[in-house]
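What follows is a set of structures to go through.
Next come two complexes, and both contain chain A; in the first it sits with chain B, in the second with chain C.
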Partner chain A sequence: MSELLIKNGFVFDPLQGIKGDRMDIGIKDGKIVETSALENPKTIDAAGMTVMAGGVDIHSHVVGPKVNIGRLFRPEDKLFKSPHKSPTCSRMEMGSSVPSTFKTGYDYARMGYVFVNEAAMPPLHSPHVHEEIRDTPIIDNAAMPVFGNNWFTLEYLKNNEIENNAAYTAWLLRATRGFGIKVVNPGGSEAWGWGLNCVHIHDPVPYFDITPARIIKGLIETNEHLGLPHSMHLHCNNLGNPGNYTDTLESLRLAEGYTPKNNFGREQVMHVTHLQFHAYGGDSWGNVESRSKDIMDYVNAHDNITVDMGQVTLDETTTMTADGPFEHHLRALNNLKWANVDVELETAAGVVPYIYSPKVKVCTIQWAVGLELALFSKDLMRTFVTTDHPNAGPFTRYPQVITWLMSRAARDETMKTFKWLDRTIESTSIDSIDRELTLYEIAQMTRAGPAKALGISNIYGGLAPGMDADVAVYPLNPEDMPSDPAAIEKAFARCAWLVKDGVVTVKDGEIVAEPAKRTIWVDVKVPDNAQVQRDIYEHFLRHYSVKLDNYSLFEEHLHNPRVIEVNAAQ
Partner chain B sequence: MSKKVENVGCPYCGVCCDDLVVTVSDDGKKILEVENACAIGNQIFHHATGGERVRLPRLRQPDGTYKDISYDEAIDYAANVLYKAKKPLIYGFGSTNCEGMAAAAKVAEKAGAVLDNCASICHGSSFLAMFDNGYPSCTLGETKNRADVIVYWGANPAHAHPRHMSRYSIFPRGFFTGKGHKSRKIIVVDPRHTDTAQVADIYLQVQQGHDYELFDAFRAVVRGHEIPDVVAGIRREQIVEVADILKKARFGTIFYGMGLCHSDGRNHNVDIAISLTRDLNDFTKWTIMAMRGHYNITGPGAVWSWQYGYPYCLDLTKRDIAHMNPGETSSIDLAMRDEVDAFINIGTDAGAHFPIDAVKHLRKHPWITIDPNICMASEISDLHIPVGIVGVEVPGIVYRMDNVPIQYRKVIDPPEGVISDEEVFERIHKRLCELEAEEVAKEPVKAAPEGVRVGE
Partner chain C sequence: MQHNEVIRSMKTVTLTLTNPSELLLEGQSITPDNFAGKKAAEIATLDVWEGKQKGPLGKYFTVAGDGGATAADTRIILRGDCTRVKRIGQQMTAGEIIIEGNADMYIGGWMKGGKIHVKGNVDSFCGIGMEGGELIVDGNAKHHVGASPRGEWRGMKGGLIRVAGSVGNDTATFINGGTIIIGGDADIHVSTHGEGGTVVIKGDARGRVGGQMVKGDIYVYGTIENPLPGFKMVGEVEQEVDGETALFAHYIGDLGERHPISRGKTVYANLYTRI
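Our next item is the complex of A and B:
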């Protein structure tokens, strides 16, 4: 098969500790190899450019039912906002804040990304998720089923039956071809079945009589009992409300005393997602303030936790989350259209369009909070770039987020547009932070770190021989960084080259090939568990609206799978 | 020994029952028995092997008769029609699987066609309301497990969705609804005293065409305002009584049908139904759901939304950007204005459903029908391509009325040589690419236009 040699680039690979050394990267048969193993390679000249592994996104809503409702009910997200089809792509690209599956794949590839983890899959809708994965070109996808409001999970954890919950979890991962344990507003989305919520982690869930705190701890225990590649992935209770940082700190403390048990190099037991939405002080929208320092002090001191930003990008976007009660709450705030889907026995979801405006004080404070989280971080291998796409902004704004992180001047430039600049500065620390992140740190936040936290750093996120040949080359010279921040943004928006699985996929920012993408899922072997089998049978017999045999994904609907096997049967 | 196939999905209505048990004969060629299905679903299965099926594509001859041709010839004919047409229309899809819809979209994009589905003449007005006001809904299992108040408004499931009431809404015993029917209040709003109204606890005979006013009255009462003595033919006391039931529900679902989206007011009726649902969520939990007709008419709305961002009325004729404007790009309007110069009818029967003037205009141009059966469309077509019946002979994913994907099975093989909708479209796509390549070879100077990219 084909051989490639990426020559003379400045290589940043945090997984190997390579900090911008001028190196060659060899590729053979879709894998990274020692350059000495090449016989007659084609050459890519990367002189004066930055070379990184393909990007890895740990948390993004790109496929599935709520994403699709966001597309369906917002024709205005297409009109005058969609690019014309690129002559080098096979399909049209429609949409902006919630792009079509094709646009999603193409845009991630143009930014040099190769792996995207769908943040929330309602298990009942897994065939839908996998249909959309099929239609998302180039990038590899995994999808995390949601567990935090699942009736099986609530019942097992209430009775402290970790082994049973683990057996059920293994069954559901296989049934949905899922990747890991996602938890969204534990207990709160079940309470939303009655129009209620669990705002604090000690509020009991109606009927099930278990607290969110117990759900979170139980799912950490389940995750480590199974030894999954990724950790429990948490969207905390009380999202988006002034004063919620105390709830967030309480949730973080639940991880104390737990250590990771896995064979995948993962070092955390809890990943807390879109932390920006959970780091607010004050007690009303009038006096809301940043508490990112308190949160990051805690995170910095506890290395069994990883986080991602959920950076607000100050765009018109479409919020969507399995946190059903939150979306209902948001609908009352902005009074825009509201879609909701409660999913039987499992979860809920809501979708509301939202405009983050530089003219609104709360929005500009949110903007500052997100950046502060990263800039206060002492370990960027545990702090990742996300916008919780599309909740705080579309993923296509990652280049802008990276630029804000790398350049104080870029931040100042944006802050100049704020209507309530003084009040924003008063309520946050952003103006007192001069830190500018390096390319190495960006590589940690966008590929090495997320890959490690997902437990896939033996395949993705690095450039060591044997790993997938996913390589992004950015037209940025680390020895001669542009003084204009816009040039950094441009470089990260359109990579010079993306090699995916050894195939040249992007050249000069344009898609030139559409190599087959993969679906990554986790198959866990557990001992036979008759009780769990009976519970599954009973719930499907009486409470589900579909038959058990039609629930598990049929093999024919799983596309180009890559299975990660875990043996938890001993 | 005959063979029983279990957990079979039913290719009839949007209820998508997936608990059918089908008995197939020894040789796997005949369907002997269908258990659990309603009368209509039952008939679909028996029809598959009960009589003569069309086994080869049929092409209209100059003398008006049909002549059998091969699939290759039919694919070539269809691809040429699409290739030569300026504005072809591909319409239907209520009765096929999502794999077929995805393949058809690929063809439409390549050919520069208008792509539309039966929602265009059905729940399209619901989409318009969703664009404006959202859609607070749930899956049908939620209704079964939680709902203590059910509203059917402008819908008659007793006839149109025969097992809806027993599987999901009125009768089943769910997790929090162990008493089944006894624990639920059923409210039916309809100008006709339908068979569904027979099982209602409260029946409101709304004056025909005055649904909007009645919703408005409910909203007013729910928000604590005064209303006149009679609204839309209903006495104030009864409106107040029902509004109180709605407010005090633990969990409620409004199921609405064509009585809302195709009577006067159309999308506005649905819009205010959604507004009432929003209002009620300030007090308790309420959800709303469109009673989608065919088993997979929800499918094209889903598939094309993820592919293009629009659920229906997709104008892909520009080939580099999609455009949706119901009224302009909707099938009936295009046909009435005679703007379409080729027509593919797939998985529906436009011959039976479209206004006669629209059919007359469409019939001036090539008309291709892709359908397993003989129907009115197939009998006036230039070309009829028979295909396997989804859910009986072809497996695939379909979307239930609540957007839940259901994986349908294959019970028997299609008649020998008959292919699926998906394969038909994949082969048309392949042939279109060949035609395009031939054209480029003839005129090498005519390169593809440079894409213009917005905002970059």
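Our next item is the complex of A and C:
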């Protein structure tokens, strides 16, 4: 394979502590190498530009059945919003808040991203998830099956059978070719089967009689028992409601006393996702206020927790989550169309379009809360950029989010458009924060940090020799940063170069190649467990509508796998 | 709006369909906005799509006359059989289009201003997503007249659609504002999910009139073959509609749907049937 030399760029690599040094990056056979190992490389001139590892997204809904429901039931999301086919891309691109698989891959690549973790895979529908992964070009994908409302999990954890739950988890990760343990509104989505919810972490789940708190702790224990690359990945109970920050703090406290056990360099035991939706004070929509300070004070003081933002981008978008009761609640608020699904024994899901308007006070408060979380963070290796795509906004708005984080002027500019500016300022801290994040901190939040939290920082998120040759070059000069924030946004929206696996994939913001993408999954060896084998057999015999033989993913669904092996058998 | 003053300075572009397409022709470039400021020869080079193939407008039409300086100064006359030409006047903001005969689907779709006069019939989706302006059809129209585009909950916002003949089903779905006047009959589904605006049917309506309607008005001069149970008669009123005053039975509904409260009073959709 060819050799590449990315010359003279300002390199930001938090995994190696490189803070904008002028360096050359050598690439050979799809891997980063010492420049001395190159013989006759092609050269990319990155002088006056910012060089980072390819971006890593820890939480995004890009593939699978609920994403596809979003595509199907929102034809208006495509009308007049789909670009003409780019002459340099092999496929058409469609959609805006829920883009087609092809547009998803292209747009992530144009922003310099190479790895995207699908945030919620319904285990029963894993073939669909993997088929869409195959059809999403360029970017490597992993997908986390949801466990927080799974009947097996609820039964094992109620009886405190961590070892059995671990054996089941290992089986399900293999059956679905999944990456890690996702937990969505633990207990609440199962309660939704009874038309109920678990709003607080001590509300018992109907029939199963286990609390969300017990589910969360049990899944942390399971995760560390297995030593998975990623930690338990939590969407807390009581999402999106005024006053929910107390429930969030209680959920965060559940991680106390647990330490990570893994061989992947991961340092947290709990990743709390789209924290913005979980940091509200007040007791009604009339007096809702930001509690980001309380939340981040706790997160800053506890380094076994990582978080991502879930930043509201003030767009028309499509919400979709395995938090079924929440989507029902949302449709009652905005009276728009609603899709609702039960996935037998495992989970639920809902989809509702939503407009985050700068004219609506709650929306502009939400906008402030998300940014505050990042700006109050003392450790940006534990605080990541997401929009919980597409829930708080489409991922294509990351460049705007980065710009808001890097520029007080950009925030002020946006705030000028708020109808309820005074009320927003009163109810949040955003106006009192002058902090502007640096390019190094952005590199922490968008590649190094997420890669480390996912336990894949030996492959992705950095530029050390031996790692995948995924390199993004942005047309931004750190020594001469533009005074106009719009220029920062433009630079992050369309990278000058993206090299993926050593292949020049994007040039001047346009896709020029579509290198093979991969599916990353975690294969865990556990001791034989006859009890769990029998439980699986029994549940499929009695409760599932599919046969066990037809449940596990067939090999032909799995596209270009990259297996991370974990041995939990000793 | 600005008609009387502008008409004097209007320039006319006449398109004559001399070489009809084999497939349906996608004519969204035929708008005063696209023709304004262009000479006849330039207009003939505008793109139209036939299936997946793009060709110049001049391949199908002979073009006579230049566009005006602005869209408002431009009048387009279409001659020949345009029964298979779609999307004429789509997204137009001003000016005038006169179609001498029939036209296909999506005539005046998403129009914001100006006027379209079709002297024959149109197919489905005329005036969908309309925000303003005037669309006059002398003949009949098929389905989805003045409806919202598929999936869209923000339907017709303003403007006037007048169909002298009859219309198909799904008229005015999700209507939010503006007026639709049908001279003849309407098939099923009128103003479904409506949240404003006015629909007048001077003939009969088959049924499902005002289903899931939240706000807005419907007038039916003839009979409703299958009225919905979600509408309740509340009295008789005299109303002026389209320049004439008449006595109507007044129903409110759809009682199965949510209804906003304004100044302490619940707002319903109104259905008036002529007595």
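Methods note: the second predicted complex is superposed on the first by the 570 of 570 C-alpha atoms of A that agree within 3 Å, B and C clash if a C-alpha of one lies under 4 Å from a C-alpha of the other, contacts with A are read in each partner's own complex, and residues count from 1 in each chain.
Definition applied: a contact is a pair of C-beta atoms (placed from the backbone, for glycine too) under 8 Å apart; a residue touches a chain by one contact, two chains touch by 3 or more.
Just so it is clear, the model here is predicted, and its values are computed rather than measured.
**Q** Now for A:340: first (chain B), second (chain C), both, or neither, which partner does it touch?
**A** So A:340 only meets chain B here.
**Q** May I ask you to name which of chain B and chain C touches more residues of chain A?
**A** B
**Q** After the superposition on A, what does A:195 contact: first (chain B), second (chain C), both or neither?
**A** Touch status of A:195: first partner only.
**Q** Contacts for A:328 in the overlay, against chain B (first) and chain C (second): which applies, first, second, both or neither?
**A** The first partner, chain B, only.
**Q** Once chain A of both complexes is superposed, is A:73 in touch with chain B (first), chain C (second), both, or neither?
**A** Touch partners of A:73: chain B and chain C.
**Q** Where on chain A do the contacts with chain B and the contacts with chain C coincide?
**A** In chain A, positions 73-75, 77, 336-337 sit in both the chain B and chain C interfaces.
**Q** Spell out the part of chain B that touches chain A in their complex, as residue ranges.
**A** The contact residues of chain B facing chain A are 6-7, 9, 18-19, 98, 102, 106, 109, 127, 130-142, 144-146, 167-168, 173-176, 250-251, 278, 281, 283-285, 287, 301-303, 305-311, 316, 319-322, 324, 395, 397, 399, 403-407, 448-456.
**Q** Taking the touch rule as given, give the residues of chain C at its contact with chain A in the complex, in rising order.
**A** It is residues 149-153, 258 of chain C that touch chain A.
**Q** Taking the touch rule as given, give the residues of chain A at its contact with chain C in the complex, in rising order.
**A** 73-77, 79, 335-337, 353
**Q** Where on chain A is chain B touching in the complex?
**A** Interface residues on chain A, with respect to chain B: 63, 65, 67-69, 71-75, 77-78, 80-87, 91-92, 94-95, 98-102, 124-128, 131-132, 135, 151, 192-195, 207, 328, 331, 336-345, 351-352, 493, 542-547, 549-550, 553-554, 556-557.
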